[in-house]
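The same subunit A turns up in both complexes below, where it pairs with subunit B and then with subunit C.
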Partner chain A sequence: MRKQRRAGGRALIGLVFLFLYLPIFLLIFFSFNAGDSSAVWQGFSLKWYGELFHNRLVIESVATTLLVSLLATLISTVAGTFAAIGIYSLSRKWRDPILVVNDIPMMNADIVTGVSLCLFFVAFFNGWGGFARWFNGVQSAVELPTRLTLGLGTLLIAHVCFNIPYVILNVAPKLRQMDRNLVDAAQDLGCTWMQAFWKVILPEIKPGIVSGALIAFTMSVDDFVISYFTAGSSTQTLAMTIYGMTKKRVTPVINAVSTLMFLAVLIILVINNIREAHQAKIAAKRASFEPVRQPRWVEQAREWLGTRRGRAFRRAAALAACVAFVVTVVSLTAFTTSQPVVNVCSWGEYIDEDLIDEFEEATGIRVNYQTTDSNETMYSLLENGGADYDVVVPSDYMISQLIEEDMLEELDYSQIPNFSQIDDRFKNLPYDPENKYTVPYTWGTVGIIYNTTMVDEEIDSWSCLYDDKYAGQVLLINNSRDALGIALMYLGYSVNTTDEAEIREAYALIEDAARRGVYQGKVMDEVFQTMEGGNAAIATYYAGDYLVMLENNEDLAFVVPKEGSNWFVDAMCVLKDAPHFDNAMKWINFLASKECNLRNMDYIWYASPNKEALEEYPAWYEEQYEEELDPEIYEIMAAPDEVLDRCEMYVCLPQETRKLYNDLWIQLGID
Partner chain B sequence: MKNKRSLFAVPYVVWMAIFVVIPIVIMLVYSLTVTVSTETGEAMEFTLENFTGMGLYVSVFTRSFWLALIATAVCLLIGYPVSYMMAREGEGFQRVAMALIMLPMWMNFLLRTYSWMSILENNGLLNQLFRKLGVIALYNSMTGRNIEYFQMIRTPGAVVLGMVYNYLPFMILPIYSVLSKMDKSLVEAAQDLGADTVNVFRRVTLPLSLPGVLSGVTMVFVPSVSTFAISRLLGGGTSMMLGDLIENQFLGGAYNPHLGAAISMVMMVIVVICMLVMNHFGEGNEQAVML
Partner chain C sequence: MSKELIRLSDCVMSYGDDIVLDHINLYINDKEFLTLLGPSGCGKTTTLRIIGGFLSPTSGDVLFDGQRINDVPPHKRLVNTVFQRYALFPHLNVFENVAFGLRMGQTVLDKDGGRHKEKVPEDEIRARVLEMLEIVNLKGYEKRPVTALSGGQQQRVAIARALVNRPKVLLLDEPLGALDMRLRKDMQQELKRIQQEMEITFVYVTHDQEEALAMSDTVVVMDGGRIQQIGTPEDIYNEPRNAFVADFIGESNIIDGVMCADGVVEIFNRKFQCLDGGFEKDEAVDVVIRPEDVDIVPEDRGQLKGTVTAVTFKGVHYDTIVDFYGFKWLIQTTDFCPVGSHIGIKIDPDGFHVMKKSKYSGMFGDYSSYSEEYDELDEEAADGDEE
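What follows is the complex of A and B.
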């Protein structure tokens, strides 16, 4: 009976472990995949481990994560231990309220902690800006920086903030268990307080400190939400990098790096376990008065460390380790901050990443390259005040909104000679009539992507997005402007209408279809995985992205429906008061060149506004791959005039209409 | 001497005032204002409309709390027996098991959740397995329907699964820690006094493990109710949760930090009330425990 129950218990524990580890094994398994899919096995390969060392984004985010977690753990362990000692020597009247406040960061939802810290930092930066300007005005001896931004510093503060409570929580019970008379006794026997601390208190509470530090470190490494809100634009932890990728495609490089980290921790845990088991054995032996045999060298080393010289050595070694640590941290931060940089915010997988390396090599300017997934998100990042981007790549209508709100800086075209290569039809467009702010980056159309094996007709109308026939098979684009714009086009209205009744009618169309269960989900960049894997039949997305999906799934087809569609231009702009204006000019000029446009086109499949690059692309393709570029593909990428004729460009809508769009969109999410 | 030692608490109290209390106060200020553009620039103006307009989001609140509640219940149902069984095992087994429960946290939770996506997709591993095993054919012949896959991803169920998967260790750790420290002689005493297994559990073990359960419930419920990454990855944007709504107001499409702050405040207050009510039943248990 008893044995049976025990076996049952073990089976249950085993099942839970299977549940916990199944996805992890899968991740590790696919880190050895020859292909880049996380679902289809294409043979064994170690190439992702090799690539890991060339992927700067991943390596840097791992370094940031480890640096921040280590520093935060170190600081919070020391601070938390002393705080706990302090708190426990207070009277109850004071202790209890402090412990309640101490619990707040732990009890609060991460998102609330993150958001409140973010608001706090931004408010502080604004106040500081005013103070620094005043201070710099009244004296000239010290020049204070007037502009602070979110970054490594704020990230570290945030991590320390949520780590300290864990340390205190783990140290506190040990303090409570400790006999208070011990310290008094030590002091009566002639110890100073410091000596009493080192010799009495510390050994007593050491297990609490160790487990507190361990939990703090684990929490720090695993944290995403708080980092997401407090890291700003130039710092990225591994979690943030992964979050950016989960939308589009997680490269197996991430699997590889996570596998390595996982193995490292596993080894540490195994060693620790063996050591603990060993110690338990020693303790058992001691209890039975059997002599414990240590290897000879261990005993000798121990003896030597006990001598005066040994003690001095110990201190020197500890000091050296501390100094080395501080020097590494300081030099690392100094190295990363002293380099000339340009901060770029673009869309996911919207550049041939080798170009970034080449630009850095050629100019010595470091590129902090971050991505978001929609114009609206980018706008939030800018409005939020914590980001300090130089170059952004918004679409047409968002550009006019940014110009209207005076958020863009006029470009210095004398520093961008390559602007002359841009096709005249992409200059002086309505969003920037005098072309003072922008250099076009790409252009393209929105259309329907469908899986020919799952749809048995030739689709040529938006109507399929609202058709019961495809219930549960349609992916709605998760962005108010495109989704409502498409519905407006289907109804025969202008995509730029400001007539509330028309917009509401378009909304009703979508809402009705949603209620009937037509939509499987609302996606942005998640569309890649879903469509490539054949998990949905119909989606709406951008022409260039369709061609990327086509590379991974040949059954997909693309059409610009007969009712017309949207055509867009994404252009590079520089934000007002950008801290690295000249570097930004160099970056823009670099990307506007013919060579870069050809390679980008080849990589992201969005059409280039560079006249020669676009015209020469088919020939270039043939030269590169020794095969002809399918003219159909070229036409999808660079839509010919007859297609563009039925397309309309978005213009910036007035404030009330934008609010209506937003409200309707939230409404759709709620129901 | 005592007073001198209590000075150690001062820096931390100052730290908390700056980085814990003031941010929440700022959030409160944000939730009670709106930004209006005036001639001189932008200014904040007092208003209650962020709160009064929240009726619109009632369904998001109920959905989030409901899903988080289910996830917490499932975690408790799985986590309690596991902790109970673990606590009765030998010391070596316990040590290894504890390490194994902590270990997954070292693989970033987003990545693990992403891994679930490829398991749960319509063409994912689980559906492929079902197809191979003939489960889907069996289902079709039994119900007379004609499906090619079970829709698992982009459903509320997938979101709950993601929560359970991610937060189960937070339920097991505190319960286990209480159970393993429990004085075994209490159980023996109860048995000596004639209690049967059920009664021993009900009148001795369970009440003693309550603090662990309470802190486990807190540690699962709070992150569940406020998650946005899990619902985004596994829910496919179809069922908006509180976390999504808040994130959307700060870094998403609908930029309105004032509304976001107001929603955060309301969520915080509701969570605190839940915790207070729960702790009331826990009666004077000093604090949450983890290890």
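What follows is the complex of A and C.
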């Protein structure tokens, strides 16, 4: 009976550990997979690690993470140690409450810390702007920057903030264990307080400082939530990059990054644990007056370090360590903040990344390439401040909204000779009638993507999105404009209607379908993973993205429904007061070239507005891959006129209609 | 005795309303062994820390060799301290602990009254440390980690560490508190020997009156932040100034009495001959009778008659509690008197010590609820929390 129970307990513990570690082992295992599946083993390979080291986003964010973590650890360790000493020299009446206050930030939800820091920074920047303008006005000797943004600096401050409590938490017990008379004794023997600190306090609390620093470092490397809110738009830590990657397909590159990150943190933790166990052993021996015996070589090494030569060696080693640290920090800083730069915000998987490298090599301008996943998300980023992009790539209707709100800068077309290669079809469109602000980047259509193995009819109508037959199988597109626009088209209204009754009717259609359980969820870029994995039957998304999915799942089909659809243009614009305007011009001109358009088309499968590039693409494809481009694919990518004829472009809606869209979308609230 | 070295002049130490030291006046002579004696919380450690420079008095002056040193930090004073529980540096071995002060440089007084540090050459450090270790009987222990030493050995390291700097004054804060009885007795001898050999002023803090009596040239009895009495051990014992001192130093029966005239004191309505004088006629006084000054005689020959209520064997003598008219006395005698026996007592004139009434009158000296006067362990624990 008892034995049985014990066996049961063991099995339970086994299961617990299995659940804890199996996912991690799977992740590590599949990081060595030769194929790009996360479920089917296709042989051993290191190719994802190789790819990792060629992924500029990853490399950059690793550098940022290391820089921020190292600096934050250094600053918070020094500050936290002195804070702990200060707290310990207070009377108990003050000390205990302060230590409780110190604990709160560690238990506080990260998201609260992150949001509050973000709000604080933004509020400060606003105040600063006013002050700097006033200051620059009253004197001309020093020119203060009027526009501060979230970035490396705020990220560092945030990390220092959340690290200090951990350092204090680790140093405090060592101070408590320390005989308080030691400091008095040292001073009595001729030390000033500072000398006593170096010669007596520091050696005594060193174990606490080291574990505090190690924990602070791990916390920094590990942090996602607080960084997300304080890093701003042009800085990304590794955790943020990984998060960004998961929004698209989970490629084994993520497995590889995660594996390396897991191992790095594991190594630090193991070192820390071994150290702590060792310290505990020494402390126990001290308490029982037992001699602490070190291995022979340790004794010998100690002795040698005590000699004159040893001391010189120690000094040299310390100096070398300092120099190494400074060099690391300086080179990381140089790497992450080297000038000149251009800050770009685009969509995920929306560029052949080799082009970025080529641009950087050709011009020496570093491209800070960030992504977001919908026009609405990007708009709120810009509106809230804290984004310091130069170039953004919004869609047509969002562009007209940005122009209306005076958020865009007029372009200097003399610096963009490649603009002449843009097909006239894509110039002077309604969103930018005089074409002062934009250079088109891609265009395409919205349509239905469906899995032919899960659907037994030829789909040609939006009706399938509201059909009980596909309950739980449909993915609703997660932006109000597209989702409501599709419903409006299905009902036979204009996608640009401002009639509240029509919009409400469209909304009722979606809400009713949602209530009946037709939708599996609201998705944007997650659609790739779900559709490729065959986990949903029907989705609505962009033609170019369908073609990417098709590469990974041949069962998928695409249709622009008979009721008509939306056709869109995404264009490159420059934000008002962009800090790097000239660099932005170079970047835009570069991407407008035929070569770039061809390669982008090939990579992202979105149609190019570059006339020659679009026309020559099938030939170029044949040359590259020595096989003919499937004309059907070409047609889906670059929709022919008969398809475009039944499509409508979005225009910017008036303020009250936008508000209605927004309110309805929040009201819908399914996930 | 020789010349004055340290003077505390009207020193007050207070934290808000809490007065820790209440107008202390005290001088310490060169090469003197002075003990600050008192119960925990009496201000003795505070006084020591003021001399060491760890505390600055709220008001009053600290003079060293006639120079005001209130604002001289500890590391510039020609004073070293042996701390409670030693405060050795755990990360250094015996040699480095002792050498610590020398490595920081020797404080030298300039002619203009300033102070500066002078580096001590490595050879000299080595020689002085080894010499000091020899004095404290720790030769051969240089390389041991201090954490591997016994309590007594750690104590010696602490003393060596302080003395190697050749301070003018050594401050010792209950240095023997953590040692067991035997070791404590040995160390008392040892400390006295070192003090005499090195001719250094010792200021010693303790709550152990036996220790104070055995080692000191001068004892300063403190209570409630005030000095109760200063004197040689003999003075303090034989001529306590008030009931507190009488009770704290040794055992005392303290009885209310009336001074009828010089040399005549009345207790229990009986007149006794004594050696004290100089009081007003019929002044109410406290009368101290030490337990060992009482002779037990047959009942009919006694000056007072009483009944034995308790007897404890103490080795050399018996602690006998005797009830006189409802007031219980402690008598130490080599004669065994069984409980319940009726006895008489006789006291010689020099057995009486008459004191003026004080705020302590009536608080001490009654053995009605006789037990060990205080529990030493409790006291030590309480002392540790003092600061």
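Definition applied: the second predicted complex is superposed on the first by the 535 of 671 C-alpha atoms of A that agree within 3 Å, B and C clash if a C-alpha of one lies under 4 Å from a C-alpha of the other, contacts with A are read in each partner's own complex, and residues count from 1 in each chain.
What we mean here is this: a contact is a pair of C-beta atoms (placed from the backbone, for glycine too) under 8 Å apart; a residue touches a chain by one contact, two chains touch by 3 or more.
Since we're looking at a predicted model, the values are computed, not measured.
Engineer: When the two structures are overlaid on chain A, which partner does A:119 contact: first (subunit B), second (subunit C), both, or neither?
Structural biologist: The answer is first: A:119 touches subunit B but not subunit C.
Engineer: Of the partners subunit B and subunit C, which touch A:666 in the superposed model: first, second, both, neither?
Structural biologist: In the superposition, A:666 touches subunit B alone.
Engineer: Which one hits more subunit A residues, subunit B or subunit C?
Structural biologist: Between subunit B and subunit C, B touches the greater number of residues in subunit A.
Engineer: Check the residue A:380 against both partner chains and state whether it touches subunit B (first), subunit C (second), both, or neither.
Structural biologist: Once the two structures are laid over each other on A, A:380 reaches subunit B alone.
Engineer: Which partner does A:215 contact after superposing on A: first (subunit B), second (subunit C), both, neither?
Structural biologist: The answer is first: A:215 touches subunit B but not subunit C.
Engineer: Taking the superposition as given, does A:179 touch the first partner, subunit B, the second, subunit C, both, or neither?
Structural biologist: Second partner only, subunit C.
Engineer: Check whether A:325 is in contact with subunit B, with subunit C, with both or with neither, and answer first, second, both or neither.
Structural biologist: Touch partners of A:325: none, neither subunit B nor subunit C.
Engineer: Identify the partner contact of A:187: answer first if only subunit B is touched, second if only subunit C is, both if each is, neither if none is.
Structural biologist: both
Engineer: Which partner does A:203 reach: the first (subunit B), the second (subunit C), both, or neither?
Structural biologist: Only subunit C; A:203 stays clear of subunit B.
Engineer: Show me the subunit A residues, by the header's touch rule, that subunit B contacts in one structure and subunit C contacts in the other.
Structural biologist: 184, 187
Engineer: Going by the contact rule set out above, which residues of subunit C touch subunit A in the complex?
Structural biologist: Within the complex, subunit C touches subunit A at residues 52-54, 73-75, 79-81, 83-85, 87-91, 100-101, 104-105, 107, 117, 144-145, 147-150, 161-162, 165, 387.
Engineer: Please give the residue numbers of subunit A that touch subunit B in the complex, ascending.
Structural biologist: My answer: residues 6, 9-10, 12-13, 16-17, 19-24, 26-27, 38-39, 79-80, 82-83, 85-87, 89-90, 98-99, 101-113, 115-120, 123, 157, 161, 164, 166, 169-170, 172-173, 184, 187, 193, 211, 215, 218, 221-222, 224-225, 228-229, 238-239, 242-243, 246, 250, 254-255, 258, 261-262, 265-266, 269, 272-273, 276-277, 280, 374, 376-377, 379-381, 383-384, 472, 478-480, 519-523, 526, 529-530, 533-536, 662, 665-667, 669-671.
Engineer: Which subunit A residues qualify as touching subunit C in the complex?
Structural biologist: Result: residues 179-182, 184-192, 195, 199-200, 203-204, 285-286, 289-292 of subunit A touch subunit C.
Engineer: Under the touch definition given earlier, write down the residues of subunit B that touch subunit A in their complex.
Structural biologist: Going through subunit B, the ones touching subunit A are 1-2, 4-13, 15-16, 19-24, 26-27, 30, 56-57, 59-60, 78, 81-82, 84-86, 88-89, 91-92, 95-97, 99-119, 121-125, 151, 153-154, 165, 168-169, 218, 222-223, 225-226, 228-229, 233, 236-238, 240, 243-248, 250-255, 257, 260-261, 264, 267-268, 271-272, 275, 287-291.
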